[in-house]
Amino acid sequence: MSTEVAPEPVRSRRFKFNWVDGFLWFLRVAALIAIVVGVVGSIQQFADGEGPSAAAWRDLIVSSISTGSMYGLIALGYSMVYGVLGFINFAHGEVFMSGTMVGLISATMLFENGFWDSNPWISILVVLVVAMITSTLVAVAIERVAYRPLRGAPRLIPLITSIGVSFFVQYSFAGLFGVAIRNYPPAPSQLSGNVDILGIPIAGTRLLVIGVAVVSMIGLWYFVTQTKTGSAMRAVAEDKEIAGLMGIDVDKTIVTTFAVGGAMAGVAGLLWALLFRGVDFLTGFLPGIKAFTAAVLGGIGNMPGAMLGGVLLGLFEGVGPQLVLAGLGIPAVSQLKDAVAFAALVLVLIFRPTGLLGERLGSEDRV
Amino acid sequence: MPLLEIRGLEKQFGGIKALGGVDFHIDEGEIVSVIGPNGAGKTSFFNVISGMFPPDDGTIVFDGDNVAGHLPNEITKRGIARTFQNVRLFPNLTVLENVMVGQHCRTKQGIWGTIFQTKAQREEEQMIEDNAKEVLSFFGTRLAGYRHDQPAFVLSYANRRRLEIARAMATEPRLILLDEPTAGMNPKETVELTELIGKLRSDRGLTVVIIEHDMKVVKNVSDRVVVLDHGVKIAEGDYDTVSTNEDVIEAYLGRPHGEAGDDEESEYE
Amino acid sequence: MSLDPLTRRWGLIGGAIMAFTGAIGMLVSFDERILISPILSLGYLTLLLAPAIAGHMAARGKVSVLEEPEHDVAQGAQKGLVAGLIAGVFAVVFMLAVNPFDLSEFFPNINDRMFDMMTFDFGLGLGSVVLIVASALAGAAGGAIYGLDDEPREGVFRSAIWVILFSLFELVVSDVIEVDAIVDLIYARGGGLHIWSAIIIGVLAWWLGVRYKGRRAELTQMAKDSEAGSRLRWSLIGVAALLVIVLPMLVGGIVNELLINVALFILMGLGLNIVVGLAGLLDLGYVAFFAVGAYGMAVLTSPLSPAFSPELNWWVALPVVMVLAAIAGVLVGTPVIRMRGDYLAIVTLGFGEIVRILILSDWLTPFLGGAQGITRIPGIPLGATSVSGTSPELFIYMTMLLVGVAAYISYRTQESRIGRAWAAMREDEDVAEAIGISTVQAKLLAFVTGAIIASFAGALFSAKVGTVFHNSFDVLVSIIILVVVIVGGMGSIRGVALGALILIGVLGGPKSQGLLGEFAEFKLLIYGAILVYMMLQRPEGLLPSVRRSRELHQEEAAQDAWLDKKGSFIEEPEASV
Amino acid sequence: MSDRTPVLAFRDVNTHYGAVHILKDANIEIYAGEMVCLLGGNASGKTTTLKTILGYVPPTTGHVELDGENVNGWSTAQRVANGVTMVPENRRLFKRMTVRENLEIGAYLRHGEDLSEDYDRVFDLFPRVKERLAQKAGTLSGGEQQMVAMGRALMARPKVLLMDEPSMGLAPKLVAQNFEIIDRINKAGTTVFVVEQNANMALSIADRGYVLQTGRIVLDDTAEALMANPQMREAYLGDI
Amino acid sequence: MNKKRSLRFLAVIGVLSLVVAACGDSGAEFEAGELGAVTVEAGEAIQIRSLNAISGEVAFLGIPNERAIRMAVEDYGQIHGHDVEVGAGLDDLCSAEGGQQAAQTIVSDEQVVGVIGTSCSGAASGAMPIINDAGLAMISASNTSPSLTSDLEGTAGENYYEGYYRTAHNDLFQGQAAANFVFNNLGLTKVGLIHDGDPYTNGLTTAFENAFEELGGEIVIHTAVTVGQTDMVPVLTEVAAAGPELIFMPIFPAEATFIVQQAPGVSGLENVEWMGADGISVENFMNLPESEGMYFSGPDTRFAENTNEATDLNGAQFLEDYESEFGEAPSADFWGHAYDATTMLLMAIEEVAVVDGDTIHIDRAELREYLTGISGFNGLIGEISCDEYGDCGAAVISIFQHNNLADHQASKSNILYTYPES
């Protein structure tokens, strides 16, 4: 799709007027105007001393980025599976939830015998490992049982399967763990305080969350681009048949992909525990959809895109309502948080149909 | 006035110039072959003409109107039909349905007619079916009889190529673009198809542009041959002129065995 | 005797299922439903079905295309016994492993009630032995059944299925029979069949099956052979229509209420079927159109609509609602028109959520009532009376009328120029465009038609319930409609109806109960399991359309011509957008 | 020749796809150093033959031998590790990966071995490839891609190189070039098994040939004899 | 399954036989009122039904209600020699359509005399048209929406139907109580309100807003979270920006948990007081360290001393029985209301029943009339009197401060305010 209008017939793009394009242009312009007016309104409010204080804005932004980086980690799993198998694994949110849920058992046990407070770092590490192992196992099991028999099926089939898996895992956990919401023990005191970064106080847990996300992302990037398994993964993503011909065990590589995606979801599970503490069997649902949105926002199949998409989505939904909608004079804006997130997705896709970092495929790939 | 006249056609994909200012024309009733090495931009050329991609620059004047930048369905409606290099049928539709759907742009019954089963709608459906059968009969017994109700995916490779041509014919085009119609066919089938292409012109009055690697086919069917390389036209003329053109030999045909120079480098460029 | 790995595998799977259903509390919860009084509850059926199926599968062994399967009762029973034994031992090991710990803090359903249930109230010691024996016997029975010849095996299956159906659907049966004396003859007071009535039903099912063997096949063949427009076809249609008209009179309010719920989902299923099944646009936000229909009708007819309250008659409001839905279809459809597959899925899902969030938001509360919804929506005026959910035996006819309209629209479009264009677009969008189909038009038409059909459902819903709240329109509804379409058979009208009947009618919908109220807690678990099972075993759905089953069984149906097809034999993910 | 062990052999192989009988009692023997071609039209079972060699399609009866060993039940990876490599039709490079990565993947199963010698061999055959090492494979021209595809296969140090339709859809010059290279690879000691529809071209460089028709091997002779076979001339060589 | 369906069966045959059947059915000497009557033959049980949210997110509310209903029926014993049967607990799914469907099930059995339910106000709006049409009486233990009864000043609510009663308090009542407390006792004038999109929570915040503004206070922000939301920083930032002195959030535990846990990370909320309502005065929320110091409004649950006059059971005894039977304390605060509602219904049945040998006749219109006339009934929740719109709440709202993390039951006794002020 061309994003430019060229009215003169000689330099002919899609010069012929087309009302779909017209409508999309209308949307783009309307959105831009709304955003500009809203932001100006908010700035005006801020200047008038209304609306959130500077400190509140700071907290909001930091919190949005940390939530967003958690989305990003989950989104990586969507993106990796999409890259390799070409379908959206709706059950990935449940993979994330399982890590958080089982991690809770270890955290509760550690808390009950006092280890949590005496050795917070080791405790967090233990929870991290438990969450990662659980999520990895769940992801691999799902692949084995539900997706492997579907290799080669039209892509709608595994997608629907993943919806089924998602229900199944959710309600299995509801049955196993009960439906009540449970809470992780409060973050150890060493973490709950503020840390000064360049003179700006930032909540320790949020900083840790962002740090863990960055480290995981770098580790994953190294794994995918610099190791043999990583290049095998990319090869399988591009052409399973040929990868198999080169001696790559395609099934094993796919399992690896699920495992790595699961492990990242497990890390996200720990981050969830640090950020929100409360867990129930539906914990994976909304973050799952958000992460999926983030993956698409960044350009699905693209790993840096997933991370970027996650952080941006966190910012859109966290800061967006306050920054744009409040400025437009809409009441109770944070209620519209999720609507803003999805609207942002629609807008981004209208501007860039392949997502932010999604590749525009060349003619060879397309036709 | 030529049926199709193209000037300065340009198209880039991610920094790679697929078409670098191609001029081209074809008169009503002509059969022109487009040849060139792999990756020379032949298929991109078809894609741009048929509207799959808008050109970056240039004009495509078909029957007096510039159609550059129009949507593919609009271009098809104006009378340019095409087939695809790697055969793209609707595999789960029956043979007959594949052809019937080709007449979409020549028919007009909408949702109301469909829901209320108006007389006009019923007549049109009948007409679509009759036309489709008529088009299929063009291929003799190959796609006739029980084949009508078979899903397209059970067809043999050659029959799929034929069906794709039939589907293109059903759009009632004036110009038909055939992308490697004989690829993957055995010599017998190739000969048969070559004759068929001739019949497209003689029986159906179609103008044909064809991309082909099989030089026998090119020699047999074309009035004129256009050679593309790196998105640029490097030669044009009748078969004999083109096939002896040094640039064409260098870029595309290669020298017959034994004639190759000793210069290894040049051989593998 | 060496252990066949397949037997071991099925035994372990069976055992895992036993342990799993116990640990999630399913067995205990199902135990409250008596099937055959007093010997069998749904819980024990579930518990013993696992080893029985394991035994059956173990006896079946590996199925080869080339060889006729062998049927031998003794051998089947033996294999089944071993598989059942393994399953039972697994379940016991599970119980013994978890028993020493107090896990109730984390696993509330691993509790005494579970142990009591799984050990048949005999205590852990003796009970374990009993469980193993019972499981082994169930496995042996399952295996032996496989070993039977075709005819008796079918007889056993038929009897078992009918007995289970009669006991599960006690509510319907007693609602239809209506005469207390007869109901009491069949069912025990506390629920469940009497033993003797179960036996009679089983024997009858067997006998009728044998007696009319071949007749059914003959009949269906006859129905198939009857040409469209022929006398036979018309009389068949007539009989079906008569049945549909008379049926609601025969059943009571509960079943009619249930049927209305089912019909609403058939309606939405038919609409979504046009979008997804025919046009191939994966819409995960279909509920948005349902919401537009429901809220549109509420605003137009309710005297309590907050801002704008014309208090129109339902019939007058309906066309307005349809127009609103069509506009919504265009508004949602246009931005996504250039998006494909998965992008379309997430964006439509987003639209669905946006609509729900906006309805709820305090921002639009002055217009749509926000959290307080819109109430006092009048029913559908019909002559002197007004039909609403308070009289389901009349309202069902309204729903059926609109279902009929939607089915007719689907049926007509499917085999027409428009239907072919959709089919082509579904198969290959680029090519469809290249052969002269305006995909923009085709997509919008699909969206709009789908939206209008969903708005029918919404309009009915408002009039039926009398109130609308935002929580009736969450994303789960979209997904369940999709599941209905998929399980029933994409692209197939009959399939959608069957899917809705089974899922919504039996298991229950997102906001309604099905016949099996006991399943409520586990409804979505079962939905998930059904969905996965269907996708693995019968991805085309229960009653698929021809095209759809072609698509999914291309490989099997293909002649060797297709084997040499160009391209890969492992399908590559298509490059997106 | 029967006293030697064939590098690759089919022994009475039958394959089914669902209920469809594809290969019917196929017997093929390929000896070290040979260049053998398998000719056949569409739907004759050529692709199935390749899939059977690589283990994607299990024979229902009969077996495939590598170096005299029955390899039924081996995974594709095992077979590749034992010296079977294929150059697929249409090149099929990993377009989003660099040329170097493509070559590395060719040597995927050769863990920890020094690859410099193999690189040299590839660069020797295709000097052009060396210049393009850091480029994304998708940006190369058609001819260059063909070279990388062959280089990638050679990186596995195959005992038998399978070529799937090396002339399909290629410009005449490229077809000639391809067969030239195949010839050279064969002369350099690699056994080559070419599956082709273009019988003229294939027979011009092959030692022997098999002709496959609807799953059955109907002819099996030296290249010269096949060229001279009148049936052959009519059906596959385009003389009508 | 013992149900009388003769009328419906005959409807199929035709109007004529319907008339005949109807005549034949009412041949007894007992004269039924305009809503008809239920005749319980010898040996049969009197049928009542329980309709509560027993699955899903709001099950914590519905399950103790249903249990209390069963306990009440058991404690009450036989009525004129007939057992009382509740049948399987019906689920209102906390939604209008769920309520409607369940109501359909209830009215399909013509032997049913009355219903105890629903748990959620939305469900009542779906169920009542059908319940009312069938002439039944329904008493809810936990519906609080004003629209179901009246505005307490003599105007019927928009969803008021005859035959509807409740022992739960009207939101307007609690709104007034909470507003009074905040304005008068705490002396705060700037309040932020958070609801969660549920009709109940939204109704309560709206009631608070009206009452508080009436008193002269200022609602600086009235916003909402959504059910299932976890990231509360944006909404808290929005609230903080408005500068409230107290935040009143009558929402449910899941979202409230996230709010109190994340509030410390938001600048501007450091000195804010928090107040919740009965939705979160539950164990798992009050176990959170962050919940300490919060105020809670809700029905006064100091029922220990109150005795239900129909069963002679006091609150302390009830809780003891409950714990011994179900192994846990009730998960919500409306058990007393449910118990009283049930005994009220049973008492009404007993009073209006016309005994005819072993058979009894219960006239539906008279049943309603009796319920409307209830006055000064002593229940667990206090003295119950019904008004003409069915509000029967004992109407004591108490507000306590959570000051004892270790023992939240003790906190519940730390009552700072009760309404009406005595």
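Observations on the structure shown:
As written, the chain order gives the labels A, B, C, D and E, with residue 1 at the start of each chain.
Heads up, the rule we're going with is that a contact is a pair of C-beta atoms (placed from the backbone, for glycine too) under 8 Å apart; a residue touches a chain by one contact, two chains touch by 3 or more.
Given the structure is predicted, the values throughout are model-derived calculations rather than measurements.
The minimal number of chain-to-chain contact steps leading from chain B to chain E is 2.
Remark: the per-chain Cα centre closest to the mean position of all protein Cα atoms belongs to C. Most remote from chain C, judged by the distance between CA-atom centroids, is D. Each chain gets a centre from the mean of its Cα atoms; the one farthest from the centre of chain E is D. Across the two candidate interfaces, A-C and B-C, the one carrying more C-beta contacts is A-C. Computed from the mean C-alpha positions, the centre of chain B lies at a distance of 31 Å from the centre of chain D. In whole angstrom, the spacing between the mean C-alpha positions of chain A and chain E is 41. Centroids of chain A and chain B (each the mean of its C-alpha atoms) stand 44 Å apart. Within chain E, the positions touching two or more other chains are listed as 197, 222-224, 226. Across the assembly, chain B contributes 16, 52, 71, 74, 84-85, 156-157, 184 as residues in contact with two or more other chains. Among the residues of chain C, those touching two or more other chains are numbered 357, 360-362, 430, 440, 521, 551, 558-559, 561, 564, 566, 569.
Considering their complex, residues 228, 231-232, 234-235, 238-239, 241-249, 359, 362, 364-365 of chain A touch chain D.
The touching residues of chain B, counted against chain C in their complex, run 50-52, 71-74, 76-77, 81-82, 84, 86-93, 97, 100-102, 104-107, 109-111, 114-115, 117, 121, 124-125, 128, 151, 153-157, 167-168, 171, 184.
Taken in their complex, chain C has these residues touching chain A: 20, 23-26, 105-109, 282, 334-335, 337-339, 341-343, 345-347, 349-351, 353-354, 357-358, 360-363, 430, 440, 475, 479, 482-483, 486, 521-522, 524-525, 527-532, 534-536, 539, 551-552, 568-577. Against chain B, the residues of chain D that register as touching in their complex are 41-43, 126-128, 139, 141-143, 145, 147, 168-174, 176-177, 180, 197, 204, 235-238, 240. The touching residues of chain E, when paired with chain C in their complex, are 1-6, 8-9, 11-12, 55, 88, 91, 93, 95-98, 100-102, 104-105, 107-108, 122, 125-126, 129-130, 133, 147, 158-159, 195, 197-199, 201-203, 222-224, 226-227.
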